[in-house]
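Naming follows writing order (A, B and C), and every chain is counted from residue 1.
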Amino acid sequence: MSFVARRGNTLVLAICVLIALPVVTRNAVWTDSAALLGIYALLALSVGLSYGQAGILTLSQAAFASLGAYAAAICTVRWGWPPLADLPVALLLPALIAFPVARLVARLSPLATALSTLAIGSIIAIAIRSADDFTGGYMGIAGVPSIGFVKAPASYAWLIWAMVVIVVFLYENLCHSAYGRALNVLRFDQARAAADGVNPPMLVSAAFAISSSIAGVSGWLYAHYISFVSPESLDAHLSISALLMAVVGGAEFILGPILGTLLLDGLTRLLPAAELQGVYYGIALIVILLVARRGIFGLIEGGLAQVRQLRRSRSGEVTALEIEASRP
Amino acid sequence: MIHFVEYVLRGALAGAIYALLAAPMSLLFATARTIDFAVGAYALIAAAVAATIGGIAGAEAGLAAAMLSAAIMSLIFVGLKRLGCEDGIVFALASFGLSAVIESFVLWYWGARSFIVSYVAASWSLGGIRLDQQGLFNLLIAAIVVVILHVVVRHSSLGRMMRASAVNAVGATLAAIPVEGLQMGVYLAGGLLAGLAGLLVLYSAGIDFTAPLGLTLSGFGAAIVFGVGSPLRCLFGGIAMGVAQALASGYLSEALSAMTPFLFILLVLSMRPADTEALAGGRP
Amino acid sequence: MTLTATSLSAHYGRLQVCHNIDLSVSAGEYLIVLGANGAGKSSLLGALAGIVASSGGITLSGRRLDQASARVRAGSGLVLVPEGRGNLFAPLTVEENLAIALRHLPGAERREILSEVLALFPILGERGAQPAGMLSGGEQQMLALAVALGRRPKALLLDEPSQGLAPVVLDELIAAINRLRSLGMALLIAEQNVRFAAALGDRFVLLRGGEIIHEGAPAELADRRGTAFRLMGTH
């Protein structure tokens, strides 16, 4: 029972995917949307881990994703590696960059850290764009092969969403581990965490590195699915979009970023003009910050807490802690 | 040698724009402990409106558009504050939202074109080094603005109140200082200066809808190089960054030149000089 | 009565910390609010000054202020010196701190008040160009008082002025606060230092658990086995 209860998010997600994907994959356009949504959901999840759990407001996730994508493209197209052999590279390369950078900036104020991630993201993007011989410069790399056994778009949609479920499963395990609990303490009380023998910068940096790996996987999937990468594929604006998705859904909740992705990106596909995407994202973010700072999941949780408190207050006193917990 | 001098001078001229963006950023950080990521977008909307209408009227309309956008940001800021938010990162996030809205609006209304208007194409020659008059004009404007700001912050009652609310908001309220009004005013001033920077970019190198993020970051880099908190340092910071960029592009590569603002930011933040402590501190 | 509070409660969110407090201070009177840590002294003063949410009535010289913002209350002459000299701006110089306090006054009046304040606290005249944060604890408390006086308060609220001061400095401070009697304002001092309170107050109220549980005259505080000590819970 406890195993199931501790993996509630994974189960909910897995059930939703199992119900929705068979229906969605009957339509070619929907299948494509589902695959892309899954890739963005992974990116938003990586923001959730970094911002929601470790408190690093990250603006470099798209850059880490493009590292993953270029790793896939270069390994398979340039060096002729067999598919799947490039996955470890896509996982490790972003982490190898993210970790030392985080070690450098994780002691800074949240605002300064956010700016540093933006800076490192931009540096990666410029490096990719200007290493012509290696990355194809502005032209990018075309003809990335598919991942062996997966060829049809529908199979990609399944593979991508299976990846999302796996990441959520690992993420949930992480949250319940000693490491995850330490991260949680850290978010509320740095001094307490340090007094408990936790090394805050180390912990935060590790979380940032893992989050960059998740972004790397999303880039890896992107490259193999679209079969083409260029500097424009995963640019800085996507970093911001991923952040907005995570915040709108609720960055500190495991499924928040996925909900945010579905809402923001899913609904964008219904917009009259694609150029207006930013208007829609931006307004959604501002409204969410004003109405429910902890995102849609936070709103739901706040509502539930209030119901519980109402019941309690009928029977007796309300504690200050509960009032604190019920604040939006 | 002549090349070196030329790079330095050209870089200094280019850095003037960064100083204009940096000054309001450091003021906002000083008074509200947050960053307005939308300053680049204010510059963009000012340039777009000015280019469309043209002439002096266009410049005025551009500045008005930038200030209107900044006014929206200041309202969002006050709204968040009234709802009990004191977290600088949330205000910064909201400004990202506004920046996305403005960029996307420009893209939708004007398309992906770039805006450029050239009034002064002439240049002066100084011992074999060509300096374009527009660039010198930009530097002059930036220097004037920065000196005015410096005098206001250091030697006026308004500046005293701003510095007071920055260090002790409760104390400032008790001293009947309109803290929120001051902070809104700084957001608006940011709109005005960013709008001005947008116009100068429009008249020099040109601007398109992808520029805001880079402009914001360059401004931020210039604001922190010599420590936040003083407009004069922003001018030197802007010039230093412009020069570094020009030297990198002249002697190393275009890519390194483009990376310069970001390397500046990483370097400065990781070295934590005493004056960036306020920004850098916060985690034990 | 200069300052009256009727049935005043202070809140943090839905948590009430002071309950139905009635008190009044007349012009020239010094009232001490005594209480141990956590008794609700700072919350009471904060509620009066408008920086802590409150319900109930507050009037200053007959003017109702309970609905007014902290800024308006400060502007009307209800002036708080928060705990730890929280009305000072540490990086600003002594002169700048005073200039902020006096900025709303016309030039002649400003000079008049400034010389008045410097006569009360001569040490501040010597420290003019130093940042407030560089002064000693006692000097900072003097500056905090001077800044508050610059607003020409009708009622002055002092939150633990004795905090962190050495006994010698404390005596100077008592003398300085006693010199203010000539200004004829109502003074409300929150304290837990009984010696300090006894030396200053005309009257005291005792706060515990956010309620006034005892009132009395300073003479009572001389008896260490008296009611006041017993109720305060200090032995």
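The rule is short, and it goes like this: a contact is a pair of C-beta atoms (placed from the backbone, for glycine too) under 8 Å apart; a residue touches a chain by one contact, two chains touch by 3 or more.
Just so it is clear, the structure is predicted and the values come from calculations on it, not from any experiment.
Visitor: Out of every possible chain pairing, name the one holding the most C-beta contact pairs.
Guide: Top-ranked chain pair by contacting C-beta pairs: A-B.
Visitor: I'd like the most central chain, judged by C-alpha centroids against the all-protein C-alpha centroid.
Guide: Chain closest to the assembly's C-alpha mean: B.
Visitor: Using mean CA coordinates as chain centres, what's the gap between chain B and chain C in Å?
Guide: Those two chain centres are 43 Å apart.
Visitor: Where the CA atoms of chain A average out and where those of chain C average out, how many Å apart are those spots?
Guide: So the centroids are 52 Å from each other.
Visitor: Report the inter-centroid distance (CA atoms only) between chain A and chain B in whole Å.
Guide: 30
Visitor: Quick check on chain A: which residues sit in contact with 2+ other chains?
Guide: In chain A, 327 touch at least two other chains.
Visitor: Residue numbers of chain C touching chain B in their complex, please.
Guide: 49, 51, 70-72, 74-75, 79-80, 82, 86-92, 96, 99-101, 103-104, 147, 151
Visitor: Can you list the chain B residues touching chain A in their complex?
Guide: 34-35, 76, 79-80, 83-85, 88-90, 92-94, 96-105, 107-108, 213-214, 217, 220, 253-255, 258-259, 261-263, 265-266, 269-270, 272, 276, 279-284
Visitor: Can you check the complex and tell me which residues of chain B touch chain C?
Guide: Interface residues on chain B, with respect to chain C: 157, 160-161, 163-164, 167-168, 170-178.
Visitor: Of all residues in chain A, which touch chain B in the complex?
Guide: Touch list, chain A to chain B: 57, 101, 104-112, 114-116, 118-120, 122-123, 126-127, 129-130, 190-191, 194, 200-201, 236-237, 240, 243-244, 247, 273, 275-286, 289-290, 293, 327.
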